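Below is one structure, written out as structure tokens; comments come after it.
Lettered A, B and C in written order, each chain numbered from 1.
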Amino acid sequence: MTQFTSVARTAALAAALALASSTVFAETVRLGTEGAYPPFNFVNDSGEIDGYEREVGDMLCKIAELDCTWVKNDWDSIIPNLVSGNYDAIIAGMSITDERDEVIDFTQDYYPPDPSFYMALKGTGDDAINGVVSAQTSTIQAGYIAESDATLVEFATPDETIAAVKSGEADAVFADEAFLRKYVDESGGELIFLTPTVSLGGGVGMGIRESDTELTAKFNAAIDTMKKDGSLNALIAKWFDGRKDVY
Amino acid sequence: MPQSPRRNQSVTQSDTVLALRGIHKSYGELDVLKGIDLTASRGDVIAMIGSSGSGKSTLLRCANLLETPQQGDIFFHGEQVKWHTKRHQRIPSDKHQVRRMRANLSMVFQQFNLWAHMTVLQNVIEAPQTVLKKDPDEARELGRQLLTKVGIGDKCDQYPSQLSGGQQQRAAIARALAMEPAAMLFDEPTSALDPELEAEVVRVIQTLAEEGRTMIIVTHDMKMAYDVATHVIFLHDGVIVEEGTPDQVFNNTRSARLKQFLQSSGTFG
Amino acid sequence: MEYCADPSTLEGLRWLACYLTTPKHQLFYLSFLTVFALLAITAPVVMIMGFGGAIARKSQIAPLRWLGTLYTSMVRGVPDIIFFLFVPIALDQLVEYARHKIKCPHITDPVYRGSEFIVCEAAKMPLSDSAAWVHNTWSFALAVIAFSLVFGAFAANTIFGALNAVPHSQLETARAFGLTEKQTFWRIHVPQMWTYALPGLSNLWMILIKATPLLFLLGIEDIVYWARELGGSKTGYFQYPHPDWRLWYFLALLVFYLLLTWLSGKIFNRLTSRYSLDHSSNPTKPLLKPIEAGR
């Protein structure tokens, strides 16, 4: 009899859960990312979206009780396609800037402001920052180089900006330190960081349509939770070579 | 010149296959036909001669309505072609009537116009099958017979481009015969042929004439007209200047125009 | 699975074998099917559109003729790429707009708000909770429509020209034998048209093959997408790190496209000789050169 009751109870619970989930998770939130910017986001060898933002995004959705799916989108059309409703949030290593804030809304940052670095072939002098510098299109780094004395060469993908330095097309590449770090570390001394660094942007946040204030609030609350319970720090430490106690 | 052979003289009015009355045709300002009367009775072989631009080909094309005359009437077996006017142009009003007429007035063209994508036999059986709804086997059987009759029975499965001009024209004649038409219309059937190939086509036409088939032949070939025709019509500037038996037209020429024409064409005179 | 268990310990050919069979590479190989699917679906649709467009342009009915002419000249006058970019977006928004009006009539807010295009959840095409494959199929379908519209217009031009190239005498002869306009069209005009259309259609097919990488431009994960994705340099975040190998991946695509166009060329050569109206190259060729029939 006890046996039966427990089975019945389990079934009832399962039914209740299913009902709950079908109401709570009714709305699917589509998360748009680039999938080409390790360690923030990239497509791993299994063909799945992976990286820091994958884990952060999944956890945020869990906390906010949202049913989330991932969508890949090229960087240069990532904001227009959010606006036209192809997905509901951008989570793609996008720095919070005033310019972007005019078009879309941002959540609070889930990755702190990070200095941008110059990376070049070994033996390159620091004066290369005034030479030909590559950067990804529509990034704050590209915006900064365009304003500086350097000559900007833009590429659609992060990978191409690095290929340009290796092939000698550009004297240096200008990007987030977190992105460049691995290339320098694994180059066996072929690639180096130049001395100058620049602080740009207000940290990395999620981009959300301006009309979608409810979703922004949900994610802001979830990010708060992750900051408080230390899970965000743990993920940062995991993906960014042991950076500790950021938040 | 010897008297041309005469056949099938016993023609009565009820045997009229095709009658054209008062045909006028113009292209813009250019009057090509200025009131032509023509009657073809069963067994008639009518040769139409005249210089280029005299309107003889146009008249033939009017006969099966490839051209529409602005004035005049056409009777086929006594049945009058019906007309109506659309955007100031007179056109035949009864499509079925037109098709019925055309199916009964098979045409042989100067350039043969065999359908290039079909074999010779397919060319011959195409219209009998699609227009006359003939049984395919029957049509094929008749087609082979006719091709054998015109002397190219061995070319059934060849394509037009594999045949000489003379062979193509004979195939075109077989195609016209396959319709078992009330009359055949020949539009300069030998003009596109080299002289040595011309003879084989003329022979076939001659055979048909001897069988008593009704034919209207537009030609430059005065010898053929003389040998084959029962009646010769000389057209000049859109009018019939002279007509009669071959003997009358060629040997007892009355009009100066025809004399001049025959002289310039070099065959007679 | 054991064979490739720990990529970091693998070397040489074994590493390469494991690398080339990762799930990500399998997606790359599958994407070739996307290209074939595009060709297989687009080609017949293009032929139908081309035929329809050409017939419309030759139509006796004036509005139909204008429509045909407008269609073909519009596509001819605009760079293809504009169409490839415009048609999917325009169609997508048009469909969603229509669904919005039907499914959410109670929402009175305008759909276009400043720079945003907002339709209700139920009007999303596909619905946002649809599986990824539904989204992929939808964008693929939009791409197929864009391709069909553009290449259909080209085909219409080719077929229109080919219909006009058939000698008038061939058709007149059919009429002279009592064939109806319809019979003349289908039994004489169309069969002969192929001879004149085939060179143009063959060319069009080649252009279509070579235009398939435009899928990439439409955000579809085709072979170009995966070649670029897989070829890019991979750091230690990946199981199989490697430098920039894009050259090799694009070389593979180059070979693929060369093979495909080469094979197509062979097939079209066969078709061309089969539909040729000049059979005089046949061994049974007569000694006398036939006179071209009324051309």
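By definition in this document, a contact is a pair of C-beta atoms (placed from the backbone, for glycine too) under 8 Å apart; a residue touches a chain by one contact, two chains touch by 3 or more.
Remember, it's a predicted structure, so these values are computed and weren't measured experimentally.
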Chain closest to the assembly centre - both centres taken as Cα means: C
Chain whose average C-alpha position is farthest from chain C's own: B
Cα-centroid distance, chain B relative to chain C, in whole angstrom: 51
Distance between the centres, which are taken as Cα means, of chain C and chain A, whole angstrom: 35
Centre-of-Cα separation between chain B and chain A, whole angstrom: 86
Of chain A, residues touching chain C in the complex: 27-30, 35-36, 38-39, 42-47, 50-51, 67, 69, 71-74, 77, 83-85, 88, 103, 157, 159-160, 162-163, 166, 182-183, 185-186, 209-211
In the complex with chain A, residue positions of chain C that touch it: 7, 22-24, 26-27, 89, 93, 96, 113, 115-119, 121, 124, 128-129, 132, 135, 219, 221, 228-229, 232-233, 235-241, 244, 246
Touch list for chain B against partner chain C, complex: 64, 66, 95, 99-100, 102-103, 106-107, 109, 111-117, 126-127, 130-131, 158-165, 167-168, 175, 179, 192-193, 197
Contacting residues of chain C [partner chain B, same complex]: 169-170, 172-180, 183, 187-188, 191-192, 195, 275, 277-280, 282, 284-286, 288, 290-291, 293-294
